[in-house]
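Next come two complexes, and both contain chain A; in the first it sits with chain B, in the second with chain C.
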Partner chain A sequence: MLDKKLSTGTGITFRKIEPYLYLAPATILIVLIFLYPIVDIIRTSLLQNNPDGIKTFGFTNYRLVFEDPVFWEALSNNGKLLLSVPILTVLSLLIAILLFEHVRGWLVYRGIIFMPYILAIPVVGVTFVYLLGLNGIVNTLLRGAGLEFLAQDWLGSVKWVLPSLSIVIIYREMGFGVVLFLARLMSLEKEMLEAAAIDGANFWQKHIYVTLPQLSGVIEFLIIVELITMLSWVFAYVFTMTGGGPGFASTVLEFYIWKHAFAFRSPGIASALAVVLLMVTTVLIVLQLRLRSRSLEEGL
Partner chain B sequence: MKFSLRVLTVVMILSIVLVACGAQPAQTTNGSNEKVDLTFWYWAESDAPGADAWMTESVEAYKEINPNVTINIVPQSTDTLISAFQSAVTAKSGPDIASQWATGPVLGFVWQDAVVPISDYVPADEIKNWLNTNENTYEGKIWGAPLYLIGIEIMYNKDMFTQAGVTPPASGRWTWEEFLAACEKLKAAGLTPFVIGDKDGYAGAWWFAHLGMQSLDSTDDLRQAIIGNKDFTDPHYTGWYSELDDMVKKGYFNENVMSLDLSQGAQAFSQGKGAMAWGTDGMIKQALNDLGADKVGVMRTPKLGTGKMADTGNATQSITFFITKWSPHPQEAADFLAYLHTPDRLNSWYQHTGVIAADARFDRSLVTDPVLKQMMEWETTGPQVWLENFLPGQVDSDGDLPAGQMIFSQSGTPADAAALWQRAAETWRNQHPDELTNWQNWQQ
Partner chain C sequence: MKAPKSRLRFRNLLASIPNQMILIFFSVLSLYPVYYMAVTAFKTRPDWLRNQFGLPSPFTFQNITDALIKGEIPLWFGNSLIVTVASLVITTIVSALAAYAIARFRFPGRAFYFNTMIALMVIPPAVLILPLFVLMVNINLINKLPSVIIIYSGLLIPFSVYLLVSFFRSLPTELFDAASIDGCNNLDIFWRISLPLSTPALVTLIVVNALFVWNELLIALVFLQDQTHKTLMPGLTLFKGHFTVNEPLIMAGTLIATIPMILLYLFGQRLFVEGLTAGAVK
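Moving on to the complex of A and B:
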């Protein structure tokens, strides 16, 4: 009856708008949580400080960002962290393949490897601060084994802080990659691998020529996700382990955004930095979506 | 029926969303006998161990006198002290009373119109008893209340000195040459002359506040470099980094300086891992407890510079408590802060922390330990300046702290450290023209 009443005046029936009403709460949440902050950050990034304290609109904040030497140092540090993505990918793949081969105890190993991924990053960070100190457990073991020449100030040295952070990030993120690859491996057609074995392919040949091509979609996905992680999801590691130091040797873009937003009282600069970071990660997300769409078309 | 159920479901979901969006926080009532809730973002424990327990006791005692007033204490972290309150300022919502380090950090929030002057709510005859109010005086008003005074001096291990054949300064202060000679003797005896932690950058900042001050003639001298009238690469401001660098190269500091933060460095002294260390009153008290009351001595920073501030003390109230602009109960907040200065609370503060209260009415006879008595004398005699409080936060964070880390980690030269200061100041001036105007107009 209500359908008839609605259609008399407006041509819109309740039946037509009903799905949108069900979607409305989730849509409102998405707009509030995602779209509104993005719009607000872009707006704030265009509000520039003036000597008289009155804010005006303009692109000065972006100019100041690109003129800030610390921005380039932070960007460079993020770039160096990107180098850990291929290492992470290869390690995850190797371990997943080993687990797929059902080595003895593989179920236990799978759990152990995935466990760091479910730990909160600050927990991992604080733990590794104690492990990697100059007189921490790692160096103590090295010295005890007569390898004192290898003992370094892993987090207190400009030379070693980023590689050390990379290792911690790889340690924690690897579980995600392993589980991702393992899930895909378990869905592969066993007959292809058996046929390769029958044809005389050894372990490496089997996996390079048969397994890897079928994992290409997942590899692409993991690489893009981890590239985004290295750009925009490493704040907690830096905050808990190094504070961006020594000096600016481990300062990353997220950390510098946080400093400007909350410590330096410059929301305009922080927003401009955030928009720059958003642009870079958007490029990667678009790339990932295109690769994914291509993989789906190819049935991978 | 099916249709009505669908309509009812949709209406219920929309209603829940609308109610959630429109929810209002609970309102507190006001009035002399009506319930008042105050939220106090509190920081002091890192400076003065025992401060948290004292505050808990104070809140309970205040409740007995003023049953209608409830104080909710929210302890703050050192790392997020400024950033957490900045979030509150941005939201114009948060605590009724907040804590910030004196002078620069407090004024930064005053200039953002987030603070009301406490002198508008506390009578002058009460405020006149508070010490070091000059640290938060601006445009004739006092913007926050002190609670305690801390100085930072060098604590030394008497046994290690004896072992190395080092005689502490009879006057309580070495020349710089005497200090270096002592470090050399201690190192020759197989001891770590000076133990410190700079992982968080604050140890370098303490060296700046001590040595950097000695070549300056006034805090305005520093302000001239901050606002761009002078250059931080001038040895007048950063020449002392050469001395620090020399000490690092000679191995006068512990090897793991970049693995320890500031408080861990002080703890290392209490664990007998170094002959000397910086210490606040609270850290020194801890060392006296850990090593023995007759095993620890104190001395003033060795004299290096020849500026007019070379003999200035470094005592500061450190943390300031102030009333926020958005608090609906500024008078009640001020009344509580004034209560913390009653004789009973002042004496209890000392019993809990061993740190002297920033109040002329503090009973000095409570300080019986000779080392802490000496600290009290230095902190309350003559002019006192904690130089780090006279830096904009960004210059402190991007200049002061990393410059010290650069020297301790040996990743740069003293010239690089000076250049870092200059770069930080220039960047701050460019990015904060409004703050620059405030600093230009601030008469110190």
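Moving on to the complex of A and C:
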């Protein structure tokens, strides 16, 4: 590569440190915004207040977290949100394949279906509070269809609040899934699909046996990205739509960390919760590394 | 036996009806909330109470002008703009330098550095906010725009480096060799060759990052609590609390906040698609 003698003539030592100089500004910010906070929450989570006022290291914060039923509820709420990932994946796949079949106006459809993804989550959240309210469009349509008994306060019911949140998340994230799958579909070789059609495969056979296997990489990509979303990026939905309620029925870990840190002012508990969330996401880091470095493997 | 062309076309049209129906259904679902926001913003409150879902009658600009004049929305809009532009400038320069080093040099720790970037893309911001809050209090940056500018700049680095490394690697090596024979040092090469050739990737990156910063809630909420230093998203979310009695006014506010991103989308749909699918589709 570029290991010819540099015209500046500063010699071998400069050449050796040169790449690190380029990395320095990014590294400073990474240390400040990522590494320092991670080290600090681990330290804070292990500090405990003793009755005599002296702080010592111990696991009290973690014991309190694990004894807290709301923590388990929040964790299981995150788990339930993960269930929307397969629904989201299948719907995106279905729509992408329909668009790929060159229906009339597919570009317009793509433009429209992707649009929710560029809307801000608070904007989506505030709007859906009205749409899902007691007199919102959903209930109005149900009443109009004579299904009055199904109408209810979708975000105010312990039973329905998580499914309702999931639907809103799916609504926004689906645009991303569709565009992602469509981009991959358009890069496929046409010959195999044509051969399958000539051999008499029908629409579904063609896509299940020929298209899907070739999409496995990008399907895996979407699933991992969305798993990360459901664990790390749902705060804004919860904050704007439900405030974690009713009760704690829609409290997720992110929201509970924020509550402990800024509403309950208990930094020790907030830090212990943050460490637990970090542990959960570590599983995803492994998946992410496998996925992302694969596409850039050559040469690194 | 071959069917006459027109009959074949008619049969194709018939066959596509179920597909069209499904797509129309999902398009209506996608558009409806935007439609609702837009029509509500132009309704009077009594009209909204009577007729939530139809077109405005009478049609009014009152909410839009109220939102623009009476409240703090113009101020928040300005803050969002400053924060977005400043974060993008910092993160783009810093990430481009780092990506250049990873793509063009061989040095100990290169793969480790790159993998660290990939891993950091997964870290939830909720994990980081408490220590950052204490830090910002200590250096007296709470309720000041630089606090969130620094945080956004840092948060965006991993994805930006990742995207730019994959782009820099695709540039032909010969160009760089030729330039260095001609006496360019590496910084010259970066500045005069790598960056200009990467304009498409840089524009894509900026568009995707702009979307993130403009729409972000959690960090803006925690670090900018003072009414005059808020950005649009936390401003509007809490605005809702102040004005629960005037839904059309709230929708006018969200509409105003959405317009810049809709414009960006209309002009650069392709860029969004490329940036967001980077790394998944070769």
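Just so we're on the same page, the second predicted complex is superposed on the first by the 273 of 300 C-alpha atoms of A that agree within 3 Å, B and C clash if a C-alpha of one lies under 4 Å from a C-alpha of the other, contacts with A are read in each partner's own complex, and residues count from 1 in each chain.
Quick note on the criterion: contacts are C-beta pairs under 8 Å (C-beta built on N, C-alpha and C of every residue); 3 or more make two chains touch, one makes a residue touch a chain.
Model, not experiment: these values are computed from the prediction.
Enquirer: Tell me which partner A:Leu119 touches in the superposition: chain B (first), chain C (second), both or neither.
Expert: second
Enquirer: Just chain B (first), just chain C (second), both, or neither: which does A:Ala183 touch?
Expert: In the superposition, A:Ala183 contacts chain C only.
Enquirer: Scan A:Pro267 for contacts with chain B and chain C and give back first, second, both or neither.
Expert: After superposing on A, A:Pro267 lies in contact with both chain B and chain C.
Enquirer: Going by the contact rule set out at the top, does A:Trp258 touch chain B (first), chain C (second), both, or neither?
Expert: A:Trp258 contacts both chain B and chain C.
Enquirer: After superposition on the shared chain, which partner residues are touched by A:Asn135: those of chain B (first), chain C (second), both, or neither?
Expert: both
Enquirer: For A:Ile41, decide between first (touching chain B), second (touching chain C), both and neither.
Expert: second
Enquirer: With both structures placed on chain A, which of the two partners, chain B or chain C, ends up touching more residues of chain A?
Expert: Comparing touch counts on chain A for chain B and chain C gives C.
Enquirer: Touching A:Asn49 in the superposition: chain B (first), chain C (second), both, neither?
Expert: The first partner, chain B, only.
Enquirer: Counting only touches as set out at the top, which of chain B and chain C does A:Ile208 meet: first, second, both, neither?
Expert: neither
Enquirer: Could you say whether A:Glu18 touches chain B, chain C, both of them, or neither, answering first, second, both or neither?
Expert: In the superposed model, A:Glu18 contacts both chain B and chain C.
Enquirer: Considering each complex separately, which residues of chain A are in contact with chain B in the first and with chain C in the second?
Expert: The overlap between the chain B and chain C interfaces on chain A comprises residues 2, 18, 22, 25, 135-136, 239, 258, 261-262, 267.
Enquirer: Provide the residue numbers of chain A that touch chain B in the complex, in ascending order.
Expert: Against chain B, chain A makes touches at 2, 14, 18, 21-22, 24-25, 28, 49-53, 64, 67-70, 133-136, 153, 155-158, 239, 242-243, 245-249, 258-259, 261-267, 269.
Enquirer: Considering the complex alone, what residue numbers of chain C touch chain A?
Expert: It comes out as residues 16, 19-20, 22-23, 26-27, 29-34, 36-37, 40, 52-53, 93-95, 97-98, 100-102, 104-107, 110-111, 113-116, 118-135, 150-151, 153-155, 157-158, 161-162, 165-166, 169, 173, 176-177, 180-181, 183-186, 189-190, 211, 214-215, 217-218, 221-222, 233-234, 236-237, 240, 247, 250-251, 254, 257-258, 261-262, 264-265, 269, 272-273, 276-277, 279-282.
Enquirer: Looking at the complex, which residues from chain A come into contact with chain C?
Expert: Residue list for chain A touching chain C: 1-4, 6-8, 16, 18-20, 22-23, 25-27, 29-30, 32-34, 36-38, 40-41, 44, 94-95, 98-99, 101, 103-104, 109, 111-128, 130-131, 135-137, 140, 171, 174-176, 179-180, 183-184, 187, 217-218, 221-222, 228, 231-233, 235-236, 239-240, 253-255, 257-258, 261-262, 267, 270-271, 274-275, 277-278, 281, 284-285, 288-289, 292-293, 295-296, 299-300.
Enquirer: Under the definition above, what is the set of chain B residues touching chain A in their complex?
Expert: Its residues touching chain A are 3, 6-7, 10, 13-14, 16-17, 79-80, 82-84, 86-87, 89-90, 108, 112, 199-201, 255-260, 393-394, 397-398, 401-402, 405-406, 408-409, 411-412, 420, 423, 427-428, 430-437.
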